[in-house]
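Sharing a structure with you now.
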Amino acid sequence: MRTLISGGTVVNSSGSLEADVLVDGEKIVAIGARGSEVSLGWSEGADRIIDATGRLVVPGGIDGHTHMEMPFGGTFAIDTFESGTIAAAWGGTTSIIDFAIQSKGASLREGFESWSEKAAGSCAIDYGFHMIVSDVNESSLKEMDQLVDEGITSFKLFMAYPGVFYSTDGEILQAMQRAAGNGATIMMHAENGIAIDVLVAQALARGESDPRFHGLTRPSLLEGEATHRAIQLAKVAGAPLYIVHLSASEALDEVVRARDAGGNVFAETCPQYLFLSEADLAREGFEGAKYVCSPPLRSVEHSHDLWRGLRTNDLSVVSTDHCPFCFKEQKELGRGDFSKIPNGLPGVEHRMDLIFQGVVSGQLSVERWVEITSTTPARMFGLFPRKGVIAPGADGDIVIYDPAATQTISAATHHMAADYSAYEGMTLTGRVESVLSRGTVVIEEGAFFGRPGHGCFLERSTNQYLV
Amino acid sequence: MRTLISGGTVVNSSGSLEADVLVDGEKIVAIGARGSEVSLGWSEGADRIIDATGRLVVPGGIDGHTHMEMPFGGTFAIDTFESGTIAAAWGGTTSIIDFAIQSKGASLREGFESWSEKAAGSCAIDYGFHMIVSDVNESSLKEMDQLVDEGITSFKLFMAYPGVFYSTDGEILQAMQRAAGNGATIMMHAENGIAIDVLVAQALARGESDPRFHGLTRPSLLEGEATHRAIQLAKVAGAPLYIVHLSASEALDEVVRARDAGGNVFAETCPQYLFLSEADLAREGFEGAKYVCSPPLRSVEHSHDLWRGLRTNDLSVVSTDHCPFCFKEQKELGRGDFSKIPNGLPGVEHRMDLIFQGVVSGQLSVERWVEITSTTPARMFGLFPRKGVIAPGADGDIVIYDPAATQTISAATHHMAADYSAYEGMTLTGRVESVLSRGTVVIEEGAFFGRPGHGCFLERSTNQYLV
Amino acid sequence: MRTLISGGTVVNSSGSLEADVLVDGEKIVAIGARGSEVSLGWSEGADRIIDATGRLVVPGGIDGHTHMEMPFGGTFAIDTFESGTIAAAWGGTTSIIDFAIQSKGASLREGFESWSEKAAGSCAIDYGFHMIVSDVNESSLKEMDQLVDEGITSFKLFMAYPGVFYSTDGEILQAMQRAAGNGATIMMHAENGIAIDVLVAQALARGESDPRFHGLTRPSLLEGEATHRAIQLAKVAGAPLYIVHLSASEALDEVVRARDAGGNVFAETCPQYLFLSEADLAREGFEGAKYVCSPPLRSVEHSHDLWRGLRTNDLSVVSTDHCPFCFKEQKELGRGDFSKIPNGLPGVEHRMDLIFQGVVSGQLSVERWVEITSTTPARMFGLFPRKGVIAPGADGDIVIYDPAATQTISAATHHMAADYSAYEGMTLTGRVESVLSRGTVVIEEGAFFGRPGHGCFLERSTNQYLV
Amino acid sequence: MRTLISGGTVVNSSGSLEADVLVDGEKIVAIGARGSEVSLGWSEGADRIIDATGRLVVPGGIDGHTHMEMPFGGTFAIDTFESGTIAAAWGGTTSIIDFAIQSKGASLREGFESWSEKAAGSCAIDYGFHMIVSDVNESSLKEMDQLVDEGITSFKLFMAYPGVFYSTDGEILQAMQRAAGNGATIMMHAENGIAIDVLVAQALARGESDPRFHGLTRPSLLEGEATHRAIQLAKVAGAPLYIVHLSASEALDEVVRARDAGGNVFAETCPQYLFLSEADLAREGFEGAKYVCSPPLRSVEHSHDLWRGLRTNDLSVVSTDHCPFCFKEQKELGRGDFSKIPNGLPGVEHRMDLIFQGVVSGQLSVERWVEITSTTPARMFGLFPRKGVIAPGADGDIVIYDPAATQTISAATHHMAADYSAYEGMTLTGRVESVLSRGTVVIEEGAFFGRPGHGCFLERSTNQYLV
């Protein structure tokens, strides 16, 4: 099966070209200059020709932070690997990296196997795993080495959620030392959960139970603090560090300091921190519960700084932290006690479109949009050049994007399982037109042509930004 | 004429691929995955096949800062556009951007035409011009707009050299305001020449006439000062700024501050600031004169910081500031008075090789090497995607690089006109094997196959890093 | 003549005491613990007893920056040394340091003598001089040494006002080198006047002639720039530096950087930058002219930062830059052309009271109030322990201050010659009750008992903050 | 009993005076100008006249950080309150503030009472207590309020020593919140003890047991980290923070950042961090054990930065952290396992003399010497103006200091109980000549005239630097 994508503007992170793309089987096999004799000949042998005139031809998005079917506070994130990856495909994302979870007392392998089972045969697009390490000990430290060999090259630790995922600074240091040895990247949820839990208990004791207190008890200072601490521990250990879902100016400042000094410190932010704010968390009634995630939504000044960080590459990636709970029955678990509201927002479907608004508003170049949504995650998580680029030899993960179309986000039309959208009613410029996953068209003319099980497990190499 | 480069590792700034490159006429027309059916067919139609097995296939280097035949202190830089561009080609550089000079009292156009005449028909590789503005006035400000339309999109001003190139802060501000309007980038020689001239006169009055006093009278603090001043003036004007030949930690610190804040501030450094030091300037006898350039060589601590800046992208480009004078009769003009030593070093030939040592030592990735020597200058100076990338539609400016070969630099073997090498005896790993300029092989098997006049004038668009 | 001040709280910069103060002749001769046998005996020998119960007994204020009778743009500051020093005394200031001016082409001595003549026999309180150096040359540099021996230990240079007071960076560097040798402090008007003059000319050419354009053409970035430049030049020269009338956050940031690094860099601000803003400059009609001074009034965010700087000691002194012009006939010279409005505000009378509001609002301790208005200027300008402290051996310059009284500022009641007050109608807490100058009561019960000519010339030693 | 100290130079933090000091009973009752009629009369009524000609008359030193008789690792600091305070007196220190310790499971009061018993009747000079809080809980938090009322106004917490003094971030936050309410200052031992314990265990497991590994397992990064964390927690709580025994540049940087922003963050360093280094810790054999304290001695670059911090007032106080253990039998407990070496150095006797070397070398003014050793601790710990100043009404705690005498430090001659001196053989300029404690001469002509039990308990007010 040969597919020719002709007439479009091929956008890679390093620049844009007027060029045609030839896909053969699962791979891109050639890129040809528009109208050159060579590429003109390609249409003959093609089984299918996609006219991309007036469209951007971009590498499929890579969402480096999703939580499909994740257990949280007695319930589960509502998207399965099937529903979640289908929604991702609709939004131009052709790879996700989800988080396999080690349970306290269990091995890393048990967690990996459990998550592999859930995903295998279910995913509509390719998928890989980071590993959440909940129980740092001699045995789990050793397992890290082996998992790196099997393509799990990043391990997430938590400075928040005492009693659940929380690791002490000593445990963190040991995991980082191990990563320094085996080349893995440590991912960090950087909030001082020990201090936060004090603030939460005090707020509840004062009767402050509404969703907005979720934000007020997780001050940005404590995200900045934890980010600084994680960076220093990583320096002591000599390990690369990746801060997940950075939301606060104070945290960004610490990342900037570390990067200015040449440290291997990286960070991602998420669309919710760029587009939503504490005002949403304070919506009337219990509406704010829809916006409960951790770190919490901040003031707009923080968003302003985050956009700047995306431009300066102090923020390298936009992931979604997709972790959807329905408002009904799930978010509602926290009525009367904000600390019981499941943390997380649905988002995997709209990442590419939302960040494209930065291009529309002139804050980001179109190349930078590709970089932070696809190329950098590919290199950061060891998938390049298989993923993250339109280039010969790469997987045929391609999005045909219409930069001029408009759309309005709504739970009524989205493909995620959540019963609400955090962006309900927002009108966007730019829209995914067609999507290929490993050479197969999975989205076209407003229809899904893919299938659960098409997605393959991605064995990842280590972080490609480390020299 | 069709050339197929097969078997090599194609390295672009965004990543490396195992792929074959097909050049047709002056352009790259296609890139094909290694061994794919499509590209396998290309060898049939090829007039010439270059076997790049075990070699890197990289975009031709772009040296954004050269001064061929430049008049300085009563003499001229010893390389003509012919000799200089041939030397550049030997070193894997396929484009230079030289500086046309407006004389005091003359128009920009006169300067541009004068330099165009020198270059036309002489260059072995492609060439463009920045414009040195020595006389900011109503008329020259207006000329800037027109030159931008003609492909001269960057204008250099000097905070040093009072009475020669020096512009006052008021003149600089006006030129920056104009640039803010027409999209040009202001390039700045950032040293406080007014204060430096006081220090120079004082040193000479004390009888301190040896070359090393060239360095001591141009303290790094005064480069930091001027860099800060240029940045603030650019902020007031709203213009993009590019600091040339940054040599000092203090200057780098200012660039870092500006870039952290999201400013359109860019900087280049040069190989001499990375590999040489004030110790060279203090060599016995008059040997130090060979190392006189401005800003002067600094201590090794500065070099250390510059390497870090290259990693963090606070330094975006490595250019050479190639401005060669022979030791005999030229550098010797300054015996007994260091201020009369012509400022400048030969360097255009070895930039790619020298910076590749950063790859060898593990400080830079091979992709970053391509980025700072080719891709970024292309985007910074408005040449992308014609230059700076191996991609269909781009010019066939290609270097086949042997990463394992070794060589020793010597004036006895270099192709520049200078009678000495600043890097004499230095042994390097990595060597240019073949070079194509717009599809034509100009260097191969240790011989030059190009010709003066092959090089074309490059009309440049404005800085492509501005969103 | 012996005066006993009993019952008050003696406030020095280092702390407050319940103590009695015995003044004999011009000097404080002893301080005694309240109610101790020793001091109880003092009332017997006293010619006069001042009951300071419930009052603060503080060292007389020192205003380190006044311009009495200064020529500016064809007119003169309206306060003579007589009227100005009487107004100062009313406000609790018992020493001023005015600026003697070297004219272009004249010697420093001529300037010093000219100003000495104006002041001698006229001043109601003690006075000293800084020297404005308008013409840096071999001769004036040599004169600096001699003036230091005669008690003129600080020299002011201007980075603004080209053609009038402006010195080039080369001239500044030379004056700083001289100061490094003779121990003098260089005071700097830090605004980039060369760039500002371009902005002014452009504004006027656009017909922007109202007072508010005075502010818009002197952006805070250009004060920050000049401050940074002055600091770097001082570092090169090894000289102490004192930034006068700092008004901008950007300038403060530079002072903070320098001080954090341990540099001998000091700065003053003025009440107008703490209490007034660009909104005053933009008052309707030509009212804004009353608020024209340089640097200009800024936005309230800057004021906020300046208050913080006073707390952190990054701003060490509050002076007034008292340079009063009447609205009628003087400020009016600039109708239709803001650049012709004489620069300056009346202020010498209300400095102590205005800064006391920082105590009232809880931003400053009462000791810090004494420090920034008296003790630090005394040490900075070489007058300690003769001035700036309530201590035996010090001059009897004492203010009895009622911290609870209130007053309303008005031109109708102030003692300065200007026909308006920049603080008209402002109600303050705290008021000067009595003032002694060298042991003589000059203000008491709302009356002036001093006389012109009482004030002595103060020979000053060099900056006492330099270790 | 009246004592007149005549002929000396009275040095207070705010400046130096030629003045005579009259002490009556326990108090200074008057200060008179040298040779004034008033003070001339004082000699008549004096019981004793001390001729201080050529001497400095300075307020008695205040050592804000001592640990007399402190239990540590199964042994006790070897100086009792008696021997330690006598040694302090010899060195010109007339007040100490020691640390009462709450044991885990016990109340604050029990700790306070236990320490009060040890000190009562034993001290040769005045003494106060900070309180170490080892067990933060509802009850101990409440006790804090009451202790503040009783003159214990500072509470120390530990981020190091898990299982002993360590508090979690949540406990720290709660203690800080309480301090924000009752006005107390939180003192912090800022090292990340959790991470350090991992490094210690790893080192021991590798057989790295020598004293120098004490330093290598407590990297300065982890002091910087904890300092940053403490500052952020204090910001969240709104409490003042005082970092004890700051030793590392990274920690100083954090204090500078906080103070530049106007935060109520203070820090002390100790003589050992200014004069000794990691080279001492690495002395041959087991000699290094003499230099084991926490934080550990650092490289000389850190010392250099600390001296700068003392000049810039980013370090406000020099205390000793006097916690002496004999080499024999005490330090030797850690042979073969550095983690078992009791932490601490003898130092209370030489603080004033050692810091005076900063005056001798020109790094500090004599006023700044008084400030950091006496005046600032007095204000910081709520003792001013009773202590910390030569002023009427203050306690007669006075040191007559000979700035020209020399001495050599040796365990053979010192008065502390430790069997070694960390400064053995160091020759110093400057020496304590006489010492008065509350009006009584305790040291004179090389003899001790005081007595155990002379010292009184000091009820302290809260931090006087808080506006």
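As written, the chains take the letters A, B, C and D, and residue 1 is the first residue of each chain.
Throughout what follows, contacts are C-beta pairs under 8 Å (C-beta built on N, C-alpha and C of every residue); 3 or more make two chains touch, one makes a residue touch a chain.
The model shown is predicted, which means the values in this text are computed figures rather than measured ones.
In summary, no chain was found to touch both chain A and chain D.
Mean C-alpha position of chain B lies 58 Å from that of chain D. Chain C has its Cα centroid 58 Å from the Cα centroid of chain A.
Taking each chain's centre as the average of its CA atoms, chain A and chain B sit 39 Å apart.
Contacts with at least two other chains are made by no residue of chain A. Chain pairs recorded as touching, per the definition above, are A-B, A-D, B-C, C-D. Taken together, the chain D residues at the contact with chain C in this complex read 12-19, 22, 24, 27-34, 36-39, 42, 256, 259-262, 308, 311-314, 362-365, 368, 375, 379, 384-385, 388-389, 391-394, 467. Chain C meets chain B in the complex at residues 168-170, 172-174, 192, 194-195, 197-199, 219, 221-222, 224-225, 228-229, 232-233, 235-236.
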